[in-house]
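To start, the structure itself, in structure tokens.
Every chain is named by a letter (A, B, C, D, E and F) in the order it is written, and numbering of its residues begins at 1.
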């Protein structure tokens, strides 16, 4: 499923944009050499990558909504990418395994962190398909959208301005999206309504939640 | 898991005991010829069996607690059995398939309906083991106990009086006992606390319950 | 996932609208008495229901795209419903079990068949949520949209005109939406590209598809 | 896995060969019109089919080894087929669903019943592949071989004489071949060694077998 | 399921009681700050904890019955707790994840190690529920009881004397309790009866056990 | 399933045979002390083992066909074994867990690497059973055969000459042999036919393959 996060504050966004501005970008095919649809730029500066990804990774791991929704086990350090006019990233599926220095992780959830806003570029929407239906996302600076990696999705062609986002992939403790979503829903209801329940019933609800986790968690 | 049911009223119990008293019983090995541990009597009179099993089957299918707990798909018509002094039914596992005229059913849940009471006989407890622990049950007339068929269990030797019970087997729509119990718990909590929840959260809880059922129901 | 179907021709649509026009409608709560969000009208005329649902059921079972996508095992006869100005059907989850005269079916897939068009009413979109994202659908007459029953969805308030659709529920031979979609995708690729493959490889592909079906089909 | 059955006695084989001799055969493509590899003849005479398939179906359902090994839920009536010189049935996968008058069945297990013997024809072996390895079978009259339907297999070209067999498909109560085989093995060991075990241990073994069946049986 | 272990010898018990006597205990809420039902004391002395937990952890990992029954993958170092008169630990479910310095483990199995005996306190039984039935345990010094963490359980109020136990949690290689128990039963039967079987059958039994492990082990 | 690999070149084979010739071998029971059927010799020289196993392990991890077929997660360092006249390794199942210095691995796949050839010995075939059928393998020097560890298999008695092979065990990322084989087949077809497909369909095929991996990969 989809969830929008309020992830970064203004200062963090500014820092990240400053890093992006002063760093070298290269053709995004460097990390997907066989791709016929990837047409963007990505940050290519070890120090800038380390600094920027740490800010965003820390923000993710401190974001209650993200943790509750994604049950993250491994999170790839977010990578800043840029689409200039004429660039797009054609319809594609994210690879099941994302190579990281610490070993490959399974991409259950994809994450786009918006560093500039809908007014800064034309086109460039993230379009996620669900069979024959699709949804378009252009977030405000500092927000993020997380969505299932199994979907076919694309970044539409930027026709004006520049699209600056960071992307990440999450391996979840709950692999199956239906199960992950079910557990999230039970947890949310229990968190929102727990204080309104008799303690005896809250205990039963909590035991059932724990037992779903026991059954499904990797 | 285990659940005790208040199943039959006094009149029903009396009718069933009258039927038992006026009917022929035979060696219980008739339906388990290879058993080395079955040592009891069971009703052997087609008309009496039809009449008595219908009363109890109807009572089960009208019992809200039973329906909510067992998610019954098929229920074997209960059969009246009797243990006289010296008789027992040694430790055994219920067969996975129970033959019925309409075809075999899978025994997920076993059910003992008590027709007389703890004062009517000595010994004769239903003992259900859980690994090295065990529980003993002797119910009052008209009550029933349902328990998982996968357990090793026995009827201890009756040393005095007569033990009159009926037994049945249930194939559940939710085969796995852990899943069945989880669904029961979520349903119970929602039923008990639904009116205390905001409607929006109740809707989310309900959707999650439906989705667990979609996932697990046979 | 979602799929749009070209289901009914103009004559069929006209026949169905004529039936609707000349038949009695009642409060939709008749089939969901406890619903706090259902606020629409539904056809309540046995002969009209039989005639109209047969047309649509036959159309579904003759629609190649529907059969390939949904792997239908049971299909509920479509029921014509109507939203007049001020009516909506608030956010809800479809019940896991849909009672039918022939016994309950599991609702894996929901189907809305559009009998009039986007110009005939204002508001009244079918809105399907996916977590915090959502999609709106208003189809042209004779088209249908199928979507997963596990989603929270609603019919937005009609503010002008009248919304005339029929709704149905499908129990699929492939219960899990991810598996159903995977099988559909492999089948589509094989159908579209089979003639371009060497026969030996097509045989291997076909064997793998059969084996997925063996593994997943109910 | 594979199992050879001693299925038919001499008289039954003779009756079946007499039926085959006096009946009409047609191109086997009649039941697989799109096949590019099927090149054989099959019985095409309703009365002969009914008579012959009944003999073989009854023999299967009375064969203890078959019942214990295959856990059959549905068995397709065996169909007599014939390969004359020059005929083969190229490498193929059995379709997942076999249409029968009573509705389609899932082909978990395939069965070839040999009506004449290895001396009656040259070539014509049933070759079953397992990845890059393969096994060849030519049985004596009245024997049968059952093997997993998921395998790629072929009937090699007959170069001399005539190959007369019947083929059938079985939907098993235990869908997965690994689970089916495991259950068969535990059952066999218990049957062969049960009398050598202490009764207490035999009871535990039996309970465990029942519980595997509860877990896996459809 | 449940298993009782003869875990510690007299000297080990004495050493542990000496450690407990000379160490500081604090309110058990320190490790479950939000619990509304925990009312006990637990050891709070790093050196004493390290020394005592090592004795018990080593004893568990050297206990053949424990290893065969629990298939332990991770075991939390046992923590000594104490209930004084008036203290109880109300009905609760163990959390699915137990935080440890080396990372969280999944609590599949709970373990109570008794350091003093039933005569040393009144009340204070460990009561484990199974739906509406329940079992009470008070072990002798040095024994332990292991039971499924998914159960609702409690420590009843101590009314006199002092209850001294250690508790631990085990993540099993076989997550599901039904599967773990099945594997244990097959292994036990094979161990107890293997020498009575013909070698050929023992080999088949052993292969089947290995294959269950291959299927189920994490 | 089965796959034959062209694994080692002539120089590597020569090096390995030289190592074998100049090293000490001991009774193979050293690593299976309770086996009643193992009757062979195995290399027992730490330096020789380290050197020889590294050559073969590196060859496996560089072999594209092996990687595509086995989805290896852990591979046991191959161990050279020798059967002299009169030696065999009776029918047995490979243990589910293979102890390694780095911890036990699950044996999903077994691997025999042939160091000398069919002309160097009589008898000594690797015979792998599949129920009542079986296959025999004697490879040429430098080739390897991989096959499922769950099978009962044996090395037949060597009657003349000497059989020199190395054996290894692989824990696969795809535990279940049916799933592993399905994924392999889809991957092979996509690799062989991808360039013949329209890009849009290739993308769909690839997404489906990724999603199978997401579903099944450990």
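Here is the rule we go by: contacts are C-beta pairs under 8 Å (C-beta built on N, C-alpha and C of every residue); 3 or more make two chains touch, one makes a residue touch a chain.
This structure is a prediction, so every number in the text was calculated from the model and none was measured.
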Chains in simultaneous contact with subunit D and subunit F: C, E
Rotation, 0 to 180 degrees and nearest 5, that superposes subunit A on copy subunit B via CA atoms: 180
Recurring contact interface, reference D-F, options A-B, B-E or D-E [over half identical by residue number]: B-E
Length of the line joining the C-alpha centres of subunit C and subunit E, rounded to whole Å: 52
Centroid distance [mean C-alpha coordinates] between subunit E and subunit A, Å: 40
Sequence positions of subunit B contacting 2 or more other chains: 150, 176, 178, 204, 207, 211, 215
Category of the chain touch graph - line, ring, star, complete, other: other
Which chain pairs touch, all of them: A-B, A-C, A-E, A-F, B-C, B-D, B-E, C-D, C-F, D-E, D-F, E-F
Subunit E-touching residues of subunit D, taken from the complex the two chains share: 178, 182, 185-186, 188-189, 192-193, 196-198, 201, 204-205, 207-208, 211-212, 215
Interface residues, subunit E side, partner subunit F - complex: 199-200, 203-204, 206-207, 210-211, 213-215, 217
List of subunit E residues in touch with subunit B within their complex: 1-4, 130-135, 137, 147, 150, 176-178, 181
Contact footprint of subunit C on subunit D as seen in their complex: 36-37, 91-97, 106-108, 149-150, 152, 175-176
